[in-house]
Amino acid sequence: MTAGAVPISGLGCICAAGATLDACMESMFLGRRDPRPPRRFSTTHPLAYPVFEVPDFEGPPELLRTAALLLRAAGEALADAGLDRAGLEGLRVGACIGTTVGSAMNNEPFCRAFRSGADPAMEPMDRILRSNPAAVLARAFGLTGPCQTIVNACSSGTDAVGLGASWIQAGLCDLVLAGGADELGRITYNGFISMRISAPGPCSPFDRDREGLNLGEGAAVLVLEAPEQLRRRQRRARAHVLGYGSSCDAYHPTAPSPDGAGLERAIGEAMAAAGLAPSAIAFVNAHGTSTPDNDRVEGQTLARLLPGVPFLSTKGFTGHTLGAAGAIEAAFTVASLERGRIPASAGFRTADPDLGAEPVRENTPVRAAAALSQSLAFGGNNAVLALGLGDRP
Amino acid sequence: MDLKEKLKTILVTELNLEDVKPGDIVDGDPLFVEGLGLDSLDAVELVMLLQKHFGIELKSMDEGRPAFASINALAAFIEARQQA
Amino acid sequence: MRITVQGVGAVGGFGCGAGDLARALAQGGTPAETLEVATARGPVAIAALRADASPLDRFVPRRSQRRMDSFSRMTALAACLALEDAGALADDHARLGVVVASGFGATGTTMALIDSIIEGGDACTSPIHFAGSLHNGPASGLSILLGAKGPSLTVSQFQLSAPSALMAARLWLEQGRVDRVLFGAVDELSDLIAYLQARRGELERPPGPSGPCGEGAAFCLLSTRAEAREPCCILERAVTGAAAAPAATAGLVFLSGEDCAGADPRARRLTALYGATPAAPAFDLAAAAILLRQGCDCPPDFRDARGRAPETIDCLTLDGAGGYGLACLAGTGARSG
């Protein structure tokens, strides 16, 4: 085991692909996906842009939906790790969570009423103030360690897992609940449409004819645990965080740097921290939003750095879940390594000659014990996790 | 105010081109990269402004590309759409 | 390996730069203006300390500022001032880490985004305002401005944003991820925040202490390099957690965050200088660094009963629900531990 490897003792995930991590994996291997026009809100756009809503899920009225999704995923992750609130008592437990919508002061009805000169009831603002994701976990589970809500746009989830792992490495915590959460919202939906990067049909990451992304929502939590703590509890790790790399393009507020240099640095940093050569990488769970720009940069960079390494985007199954994406995809990466196979990259049909690479078209067996999961964010952040199976490096 | 003057005013106010006066913008000069130096984020804002000020809906960015070459191109595009 | 504070910069109601902040510290406060906030029941007057980011023109050409909202401008100004104060403005920033904290994020631009939808309908949502409403806009802007290609982190969690972010900055340095970090916090007194202040009595948990509302940004350059320039002070500790806050041990303790009964009686607030804002812990850090750098020249108000200047200063933040942040700073003449 490499020196910096941080055990993952439990995982939880909820998104459009399933209400639990196993349910998500099952539906992805069956090739099921159900992008539809939004049902939870309406807009006046002439076109319906499909989204990936989490079905049959309502959170308590006093919390934002983002916080409720997060609590659900955290509950699954802790149970998976054989822990509960009582089991955490006396331990130094931190919460490191990524989000975008879940932290925004943007309740539309409140803001509209305020603008119209009315004095709306304060409950929507109280709800936002109560719902800071990391604080919600700390309160719900009585956590006394460091608590951090990361708002790095689309790389927040990946950053949260990488930074949460560093708290274990630094000896700050016995355990860290690391992950991400985000809900679908009208303003975000309108925002991406205004940027002209939303697809009018189901998304098709890395496809030659891709038109844009579909938004999604969900949450995932990974229980990161100090090796001594895991030994005390006599449990085994499901997987490890082997390395984490992050960098900035320093190029443009919304477009990725066309040369992929920032992503290359982040991949290099994660692999170096993990002590991994390209030949040891089973696959890459790419960011793969299905926008022309992202997929071009990412595809070309993967073709250049990791030729022949299979890759996929799971956003064809989940939509782009923003702050949750990096965490959901880290969970999928672990589960794929455990199963020794990755799902087909949903939505992909025709290779784009511009990329020099194409994702897997079918469910594909993978042999090596480590994989990468990466995210590229608005603002130019690139974040990469190297994840490895069980007790093997 | 004629259409080209209106377009220049919209660009200056809505894109916050503080150091530029509408009268400074040359009708035939490039709007993007060179000339005014607008970028991809300004381009999508401009698509929205066409909707907001002229009720014109663009189906794709490709449709708008030739229109965004200059003030002349933009004015011609709008006039053609409004007559259609 | 020690973490030094090489320079500080700030913009707020007191003005901008270490000089203006030092003057405000000596004077003990900044005159507040009165803001009339419109509510349905009539205007409510709130005391406010507003920031002016126009000095940014010295660092960034006007043209390049066109898409920067006041939230981003205040960030860029404070960050550039911190680099300038450290004598590092012209350095190569390729490997610089950037950490930004904000309690509420870009609420001004978020309202502008919602306004564009209210005014023109869904199809008139402004993409520029949407991009500008993202929390990590200022950090991204700093990266682009400085050519900083290292790791970047933006943190948002109301009163504990800055202490949480500072802990991350400290870890990056201790773990050798980078050897310099530009760390700071920014919060703006937008229409929406002013309105929430005007109706704060109706909120379940009114954010922040009472007192004039503030806004602004405060930044510092942290380093583990062997720097040529003498630092302001050493960052000895930066921790956060819940339950009992560790006892402040320094002679001088600055307090920020919620009003809390039972807080250390020695702790004092600097709200009178820059106002109540979630960015307060970062302002306290900048103020502490300035005082420690001044050493025996620091204002009498901050000396102990025997007239001695502080050698260590603690910055404590409480969120009123058990959450805390603690940063411990020491002058370069002091022994640590």
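Going in written order, the chains are labelled A, B and C, and every chain counts its residues from 1.
Just so we're on the same page, a residue touches a chain if its C-beta (ideal position, glycine included) is under 8 Å from a C-beta of that chain, and two chains touch if they have at least 3 such contacts.
Remember, predicted model here, so these are calculated numbers, not experimental data.
When every pair of chains is scored by its C-beta contact pairs, the maximum goes to A-C.
Averaging Cα atoms per chain gives one point for each, and the point farthest from that of chain C is the centre of B. Averaging C-alpha coordinates per chain places the centre of chain A 38 Å away from that of chain B.
Averaged Cα coordinates give chain A a centre that lies 29 Å from the centre of chain C. Note on chain placement: the centre of chain B and the centre of chain C lie 39 Å apart, centres being C-alpha means.
Residue positions of chain A touching 2 or more other chains: 194-196, 252-254.
Within chain B, residues 41, 44, 48, 57 each touch two or more of the remaining chains. Residues of chain C found to touch two or more other chains are 67, 123, 125-127, 131. Residues 15-19, 41-42, 44-45, 48, 51-52, 57 of chain B are the ones that touch chain C when the two sit in their complex.
Remark: chain A residues 43-45, 100, 103-106, 108, 111-112, 114-115, 117-119, 122, 125-126, 129-130, 132, 134-135, 138-139, 143-153, 159, 163, 166-167, 169-170, 172, 187, 190-196, 246-254, 262, 265, 377-381 touch chain C in the complex. Across the complex, chain B is touched by residues 46, 194-196, 252-255 of chain A.
Contact residues of chain B toward chain A in the complex are 39-41, 44, 47-48, 57, 60-61. Within the complex, the chain C residues that touch chain B are 62-63, 65-67, 120, 123-128, 131.
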